[in-house]
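Labels run A, B, C and D following the written order; every chain starts at residue 1.
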Amino acid sequence: MSLAVGVIGTGVMGAEHARLLRDATSGAHLAAVCDADPARAGAAAKGAAVFTDALALINSDQVQAVVIASPDATHAQYALACLAAGKPCLCEKPIAATAAEGLDIVQAEVALGRRLVTVGFMRRFDPAYTEMQAARIAGNIGAPVLLHNIHRNAAAPAWFTGAMAVTNSFVHEIDISRWLLGSEMINAQVTAAPGGDPMLVTMQTDKAEIVSTEVFMNATYGYHVHAQLVGRAGTVEMAAPTRILTNLSAAQSFGFPSNWVPRFTEAYRLQMQAWVDAARAGQTTGASAWDGFVTTSTAEQIVAGMGNAGMGNAGRITLTYPPRPALYA
Amino acid sequence: MSLAVGVIGTGVMGAEHARLLRDATSGAHLAAVCDADPARAGAAAKGAAVFTDALALINSDQVQAVVIASPDATHAQYALACLAAGKPCLCEKPIAATAAEGLDIVQAEVALGRRLVTVGFMRRFDPAYTEMQAARIAGNIGAPVLLHNIHRNAAAPAWFTGAMAVTNSFVHEIDISRWLLGSEMINAQVTAAPGGDPMLVTMQTDKAEIVSTEVFMNATYGYHVHAQLVGRAGTVEMAAPTRILTNLSAAQSFGFPSNWVPRFTEAYRLQMQAWVDAARAGQTTGASAWDGFVTTSTAEQIVAGMGNAGMGNAGRITLTYPPRPALYA
Amino acid sequence: MSLAVGVIGTGVMGAEHARLLRDATSGAHLAAVCDADPARAGAAAKGAAVFTDALALINSDQVQAVVIASPDATHAQYALACLAAGKPCLCEKPIAATAAEGLDIVQAEVALGRRLVTVGFMRRFDPAYTEMQAARIAGNIGAPVLLHNIHRNAAAPAWFTGAMAVTNSFVHEIDISRWLLGSEMINAQVTAAPGGDPMLVTMQTDKAEIVSTEVFMNATYGYHVHAQLVGRAGTVEMAAPTRILTNLSAAQSFGFPSNWVPRFTEAYRLQMQAWVDAARAGQTTGASAWDGFVTTSTAEQIVAGMGNAGMGNAGRITLTYPPRPALYA
Amino acid sequence: MSLAVGVIGTGVMGAEHARLLRDATSGAHLAAVCDADPARAGAAAKGAAVFTDALALINSDQVQAVVIASPDATHAQYALACLAAGKPCLCEKPIAATAAEGLDIVQAEVALGRRLVTVGFMRRFDPAYTEMQAARIAGNIGAPVLLHNIHRNAAAPAWFTGAMAVTNSFVHEIDISRWLLGSEMINAQVTAAPGGDPMLVTMQTDKAEIVSTEVFMNATYGYHVHAQLVGRAGTVEMAAPTRILTNLSAAQSFGFPSNWVPRFTEAYRLQMQAWVDAARAGQTTGASAWDGFVTTSTAEQIVAGMGNAGMGNAGRITLTYPPRPALYA
């Protein structure tokens, strides 16, 4: 039977999730959408039921599983409602606006005794990252010692503050570095350019690996994500993110997109398919509630640690977390 | 409503099509399979109906659309049966064992007055090729003048004869070159190495473009397909077919697969999705019966022209076709 | 002792040879220059003796070895004069305006009983080509079966005729293909675009290798030379001709030069150093008079064969040469 | 007139410098060599005069300029002797075993009132680095904000201690980063893997640029140097360090050398030519005595700062230098 999925929030990401469910996912269909803006909801619905109350959607008999793509501040509330309803949910990152709220979700899930929440860290489904993780696990490059991440945006929105480079952008590297290495971050140190952009964040893991990340919100030339994993015997890194090369006007070139959507289109599709497959099988996939909490907590601790030194250039920030519940072992 | 698809033939390609329908295609499901070997059919069915008679599958009420992946010699017969039943079919290449049989299908479809047959030239859905075609159409590189194709297999099967390099492998370049350029081939000239492998085929199109193709059945190092389109202002070509690069053992490298499946996995999936989407909309996509006929005819004419000169090294072979029916305008 | 070298002709190439001798070659110095234009000669001389009579330069006691960079029509005459004077010469390609004149030089050298003439096919000293030849000789890629050459100029000069694409540009591929493979060309077949540009030339060697060359005089985007050698076990090809990559304005790119000089600067320098080293040791290096004759003869035979079919699209042209003298064994 | 150059020390580097002067440099010749081992000196001399006393070589009438390639501990003494003799010298890095000795040379040169010392930081002549610096100066990439350096050796010699990764290897990045950016380093922070290898060094410049360097002495897979300069509008980085690509055994690859010599062969040659050209013109080129002192001082301060924290993981180390003398403005 096809999984009936409801999507909360039909902005850019929510509309894309709705499209994936409608047109590009096996074993599922778009059953309902919800948005504060009824016109926008209707446009995304294309025949699916339209709700204006997210909790009503979550609790509707028409909906078996939920995608949460509403504003960040509402994520925790809806994730908790999904847990209460016993329905799988795919929650856009962040899992919650604060680490404390994120921990509430973890605790609710632990109390429930089974995992229902997936946090939409879609990079875990990007083929370049999955091939890198597979190469790490295969072992040819030896024990990992260093991970170089680069995360460049063409331009930050006007409302972007310094802390958001950490909480909004760098969180992706926190999550993907944990996942690539299978490690936990134990400290972080931030060096920032004047104005706070770019910043270079150096973390160390519980296996003494070094994770170095350039976060550049206004890199101008385009959206560009790169990673190179260095092991004791060799390295593995992303190839040039293109399928074609053009010789034109005295140059050979390939293009960068202006934002993350074209770069991660395939990752979003694969994430949705994997989440649907898991939901139908009574399982979960992707980043767990625990992963979502840890990532938010790490970002929060880094922002707090940076605070005293203004825009970065702080000392080494020790990162701590509560014990990992057995549910996430 | 989900499209009920039956798959005829559950060998390597048929089983893969069945898997795509079952697990990776939106808007369709695997309704039935058919194979001369009931055990193999059952393994691919995973719950779908199992037929031993292909015609019965085609005519079954349980089946709305058909994938033909049986031995080449049977393609024409089943495609005709699909036309008779008024059901869309996706027929693995070649459309028929001979051009004459291929033309029968074209004529049957013309008599029917609507297109139902898609020939599985999956490269038309490969992202690298579609980006190249889009670049050609966008016009930045100017009018096309030359297309360089490279088609290398690691090793030809033992049963491979010289003519099969043309009819089995080079047909892909015939089709994709026509599609990339939007042109028809009007002559061909073959230069072959001793033993016939590799061969270099030079064709000219009705727009005076030159199409050069290396076909190397025993290239040893791996399966490798490349294309570069040269226009009057610039060129567009495939980038290195990899997502990751490895530094190991005194070298930087990426891997080639041993056969075409990993290279074109995504093309097969996209082809199936596009075919299902089209079938549900009462339309067709991909290579038409006419395209399938022309490709088979071209290969047949080249093989005939090569014959007098043994393994290639023939003079220029003029290629002719009957008029294109209006149905394929 | 430093070798005293005289340079005949101080146009673009002659001035560059003079510069190399003055500033960038060990064991030699610029002793004299000669040009019909005394002002241009003086500018290139920078203190070296200035001649207006090339034969006087060749026969001067101040000159031990000669670089011939005068107009093509004069090459043969000056090369013969160098042979008469018993002085090594580095003659810009072509060795002579006609194959018959080229053969005169070969015969004069054979009569002399020792080799003094080097023809300036500088690609033989280009590191990318020398690494490709070394890879061929090392044998890992197996016996060569196919060589793909690409030779693109941004734009042909106004005075360029169709035949000059062969005699002026394609000669480089004739020479370098013979040298890369260690083979002789035995036939050629030309397929040309309307207007004759680009053309695709397919040759076969005495070892049954296939040599395919795109010659595009007006490729617009830049000067670009590429080669890929295909062996029975693998291939070797030129890497992207750049040392740096730039991310800028929504693209990653590297630049192509507008002509051959930047691409082959290092080849010219290495050729000059090797020629000086050889001359001081009483030896020769690079393309011999025989190589120069064969290349000119091949180009001449191709142009003659193309003639009947207008701009290319001729049948296969059989290439023949007189026996190779023992001096060039 | 050809510059008569004497080479002190005929180990690996000294023998290479001798060879360059003998065979590959215009305007100079190898006049003399000196080595504690007379047999080794004789082998490198190939006819040049052989000294056993370095000071005798420096002061010999046969020698106009001196290359110092003796053991590190002797560099300062010989550089001072060259200054005393008024002869240009090209001194292998480091300029001195300690910053204090390096400062002695600076002061001696200042007292002399003219620059005679070049420190052999050959990367300044590597074409990839010079093209990167030119790109920075051209300004297209905007103001530099971040420089990513990677410095990997296949394996450290047995006698290598942790501090030597800084004083022997990382010094190259100290120098080249100063030169690429035209900036001075004002602080450094070291994060090291267990055992001290690899280490990640983060520096900040007097223009608030961030310089990040991975120094990995036992990277196993080969010798590999990479740099990417990030500006406010774009980036420039080294392309793959190869001229050819090989398809073989299921992979496309290019090779890394096992040590720095093949990677920087061209840089050493260009450095020698530039140094000879400058010496003949009464000028200097390359890294000055001041640059040599600053680099040694920076490395010394970093090692001292790391000391308290064992193998790296120290806090931010403030870097200070005496005022730059006007001679080096």
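The working rule: contacts are C-beta pairs under 8 Å (C-beta built on N, C-alpha and C of every residue); 3 or more make two chains touch, one makes a residue touch a chain.
No experiment lies behind these values; they were computed from the predicted model shown.
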Between the pairs A-C and B-C, the one where more C-beta pairs touch: B-C
Centroid-based (C-alpha) most distant chain relative to chain B: D
Averaged-CA centre spacing for the pair chain D and chain C, given as whole angstrom: 38
Inter-chain centre distance, chain A versus chain C - centres from mean C-alpha coordinates, in Å: 57
Chain centre separation (chain B, chain C; CA means) in Å: 43
Residue numbers of chain D (touch at least two other chains): 221, 233-235, 240, 242, 247-249, 254
Residues on chain C engaged by chain B in the complex (per definition of touch): 142, 145-146, 148, 189, 191, 193-194, 198, 200, 202, 204, 208-210, 212, 214, 216, 218-221, 230, 232-235, 313, 315-316
Of chain B, residues touching chain D in the complex: 154, 221-222, 224, 240, 242, 247-256, 258
Complex contacts: residues of chain A adjacent to chain B: 2, 22-27, 127-128, 131-132, 135, 140-141, 233-240, 242-249, 254, 273, 277
